[in-house]
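In what follows, chain A forms one complex with chain B and a second complex with chain C.
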Partner chain A sequence: MITCTGCSLLCDDIDVVIENHRIKEVRNACRRGAAKLKGCRNRLRPSIDQTPADIDTSIKRAALILKNARSPMLYGWSNSTCEAQSNGIKLAKKLNAIIDDTSSFCQGLLIEKVLKKKFRACSLDDVKNKADVLVYWGSDAQDSQPRHLSRFSYFPRGESRQRGYEEDRIAIAIDVRESNTAKICKGHFYRIPLKGDREFILSLTGALSGKVPKHDAKRILELADIMKKAEFGAIFVGIGLTYSIKDDVDILVALGDMLPNFHILPMVGHYNMRGFNEALFKETGFVNRVRFDSTAVHENKYAIVEALKQKSIDALLVTGSDPLSCLPGSMISYLASIPVICIDPCVTLTSKISKITIPSAVSGIESGGSAVRMDGKVIELSGIVENNYLADTEILSRIMEEL
Partner chain B sequence: MPTVMELYKLLPKTNCKKCGESTCMAFAVALLSRKKKVSECTPIIEEMFKKDREKLESLLLPSSGAGETGMIVHTELCTGCSNCVVACPVDVANDPRGAGTGGAPTNDKVIFRVVDGKVVASNIKECRRFGKNRVLCYACIDPCPTGAIEFV
Partner chain C sequence: MGIDVGKFLKSPEFEIAITTYRDIFQVEALEYDRFGEEYRKLSAVIIMSREDMKKMGIKTGDRVKLINDHGSIVVEARESKREEPGGIAFMVNSPWSSALVSDDTGGKGIPEFKNITARISLTKNDISSLENLIFNSGEVEKNER
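What follows is the complex of A and B.
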């Protein structure tokens, strides 16, 4: 059995058939996971200025760039092992660098609330064993974390939910479109207008305290009733809801406070984003957007998006992410104008514009370690395929040694 | 899937009974439930019905891969989410601690398993839609939002 790193569910019941140092067949992983486990078609090679180089020289040059930079940033981390992340934080400290991860434009704010215990959270195993009401809000788990409903929430039989989805559980979807998750929730799908989440939360909190909502009163009252009667409820907060309510997370806290039997779980995409948030939080009290100086300073200008907008960084180390594929186009020209060091197993859009590329082993397949599941549980990753690549952890250690 | 009427319209409509059914309509029903093959209608083999025969065969093509229970898995639509693996009552009964609780199947008695990200059906005779006491079970169709499982 191995662990899948396809998403933050880190399914650890996967079987593989290995042939000629490659995974030939994957059993039990979803399509997304199987594709990830089979590895990339286009392996990254070490290079400097787009010219092939040997790995030692690439590492030395990377260290030199970071050392000479006035304001370097270390970014990515959501597809790196906990061990690599902790090395990354050490490196940032040593360089007095900015460190940020993908959560700064994803679920960071929500995870911070969870770590600060502002929400009642629970584990996915609790959800499986106890939950009777499941609310997918702005989340299409069925497509983003494909085994969420089958492994943990709606379909499985759990300790106190022996009759599974047929009788023991209700799944609800609140979304702006009828996603695949909403299709499963059928009679309990609440379609809301774009950016309508805030208003819906307010109507729902009103309904919970007995006020009749102005719009769609019958259905919102019905939803409030289901939620009130829940023995063990879970709200899975997707990126749709997070983007829609922006910094106004407190209204979600208020909703949570009105529902004493409910638990709030942020839906995380990349396999170890939560791992990075937890590690940095432990070190600094913040989950992202930190600059190390004599102390750790947390400011919005240290978010990758802001830093690129303000052109305030002069070197970027990227690992465990492909920012070029997801950042707004307007920032890309600046990104391409500064030295970028890319550590990745595969050729990515970012690696194509990078000054230095350093190939790494595929974590969870070619190198082991650990990662934190979306609910905070630490899961071991195994390195099962023999290979000659350095693990991202080792590459970061080597860069540190070179400084 | 085509309707009985669509199939019927393409038959000779002479009720000649050569296929063993009492009417062409009955033969159309038998075609749809895969109890009869197009070739059992001997008149349609004739050249004058060539176009109708080809149309019939193309309409029935999607169901040609169906197993004895009539199940077709459209692998191109499957996301490997395992909802069917966990929801199928046969899988739950045969593997209560594995598939039944959301995990990977722990034995070979299950109907559904996911290989290379796509569902594969085996032990099809265990399916509740098969055999003497068959029931019209929808437990694997309902949890699949992409419509990857179909019975014909």
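What follows is the complex of A and C.
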């Protein structure tokens, strides 16, 4: 059995068949996980200025670029092992660099609330064993964390839920779109308008305190009743809800406070985003957007999006992410104008514009380590495929040695 | 010889709200080969309600130009297989949808990836290539404005 790094569920019940140093067959994983485990078509090669180079020279040049930069940033980390993340934080301290990760424009806002204990959280094992009301809000788990419903929430039998979805559990979806998850929540899908989450929360909190909502009163009162009667409820917060209430996350905290039997769990996509958030939080008290100087300073200007928009960084090390595939298109030209060092197992959009590329082993398959599941549980990763690639954490150590 | 007046007429433009979502088949294609045809086919698409397509004179398989102050792309239009209320279209999260996302976050660092407004019109131009989106940041399409 190995652990899948397809998403932050880190499913640890995966069987694989290995042939010629590659995973040929995958059993038990979802479509997303199987694709990740089988690996990419185009492996990255070491290069300098898009010309093939040997790995030692690439690492030396990467160190030189970071050393000479006035304001370097180290970014990515959500597809890196905890060990690499820890090394990345050390490297940022050594360089007095900015460090940020993909949570900066993803679930960082909510993970911070969880780590500061502003939400009542629980483990996915608690959900499996106890939960009777499951609310997927702005979250299409079926497409993003595809085994969430089958391993932990709706379908499985649990200690106090021996009759599973047939009798013991209610699944509810609140979304702008009738997602694949919403289709499973038959009779309990609440369609809201774009950016309508805040108003829906206000209607729901009103209904929970006995007020009749102005719109869709019957259904919202019915939802409030289901949630009030829950013995163990969970709200799985997807990025749809997070983006919609990003300027007023406390409204969700207030909803959680009105529902003493409910737990709030941010749905994380990349396999170890939470690992980075926890490591940086432990070191600095912040989950992302930090600049190290004599002390750790947290400001929004250290967010990747703001740093690129303000053109305030002059070198970027990227690992465990492909920012070009997800950042607003207008940012690409500045990103392509500064020296980018890309550490990745595969050719990515970012590697195509990088000054230095350094191939790494695929973590969890070609190199071991650990990662933090979306609910905070630490899961071990095993390197099971023989290979000659350096692990991401080793590459970062080598860069540090060269400084 | 008659003159094809139609080719000089600009296709009507309509305002459209777009939100993004995840699709497991597209994520699978991304993991295997983000430069591949399958990833492009599953990403460079806008899904619309039947009523909106009818109102705008767009059919499944038509190429449409989406343009706003942040970028411009050409993608394929497809009718949603689900009952949709209309007034909103859907794109899978990808470099194509991100080309239309504003980098102005009010200093907060979180772009409006799921809340895009653009103008849509029929076009005969090719579907935007990934290379164009990366290396020209959509400049070729921008020049058509």
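The definition used in the following text is that the second predicted complex is superposed on the first by the 403 of 403 C-alpha atoms of A that agree within 3 Å, B and C clash if a C-alpha of one lies under 4 Å from a C-alpha of the other, contacts with A are read in each partner's own complex, and residues count from 1 in each chain.
Rule of thumb we're sticking to: a residue touches a chain if its C-beta (ideal position, glycine included) is under 8 Å from a C-beta of that chain, and two chains touch if they have at least 3 such contacts.
Please read all numbers here as calculations on a predicted model, not as lab measurements.
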Joint occupancy of chain A by chain B and chain C, clash or fit: fit
Partner chain in contact with A:D15 - chain B first, chain C second, else both or neither: first
Which superposed partner A:L194 touches (first chain B, second chain C, both, neither): second
First, second, both or neither for A:R151, with chain B first and chain C second: first
First, second, both or neither for A:K128, with chain B first and chain C second: first
More chain A residues in contact - chain B or chain C: C
Partner chain in contact with A:R32 - chain B first, chain C second, else both or neither: both
Contacts of A:P213 with chain B and chain C, given as first, second, both or neither: neither
Contacts of A:Y165 with chain B and chain C, given as first, second, both or neither: first
Touching partner for A:D143 - first (chain B), second (chain C), both, neither: both
Superposed model, angle subtended at chain A by chain C and chain B (C-alpha, nearest 10 degrees): 70
Partner chain in contact with A:I184 - chain B first, chain C second, else both or neither: first
Smallest separation in angstrom, by C-alpha atoms, between chain B and chain C in the superposition: 7
Touching both chain B and chain C, residues of chain A: 30-32, 34-35, 142-143, 146
Footprint of chain C on chain A - complex, ascending: 6, 30-32, 34-36, 38, 40-42, 104-105, 109, 140, 142-144, 146, 176-179, 191, 194-195, 239-240, 243-244, 246-247, 269, 289, 300-301, 303-306, 308-309, 322, 324-333, 336, 347-349, 352-353
Chain A partner contacts - residues on chain B that touch it in the complex: 78-83, 85-87, 92, 96, 100-105, 113-118, 143, 145-146
Chain B-touching residues of chain A, taken from the complex the two chains share: 13-15, 25-35, 128, 142-143, 146-147, 149-152, 155-158, 164-165, 180-181, 183-184
Complex contacts: residues of chain C adjacent to chain A: 17, 19, 21-25, 27-28, 30-36, 70-71, 82-85, 88, 90, 93-95, 98-105, 107-115, 130, 133-135, 137-138
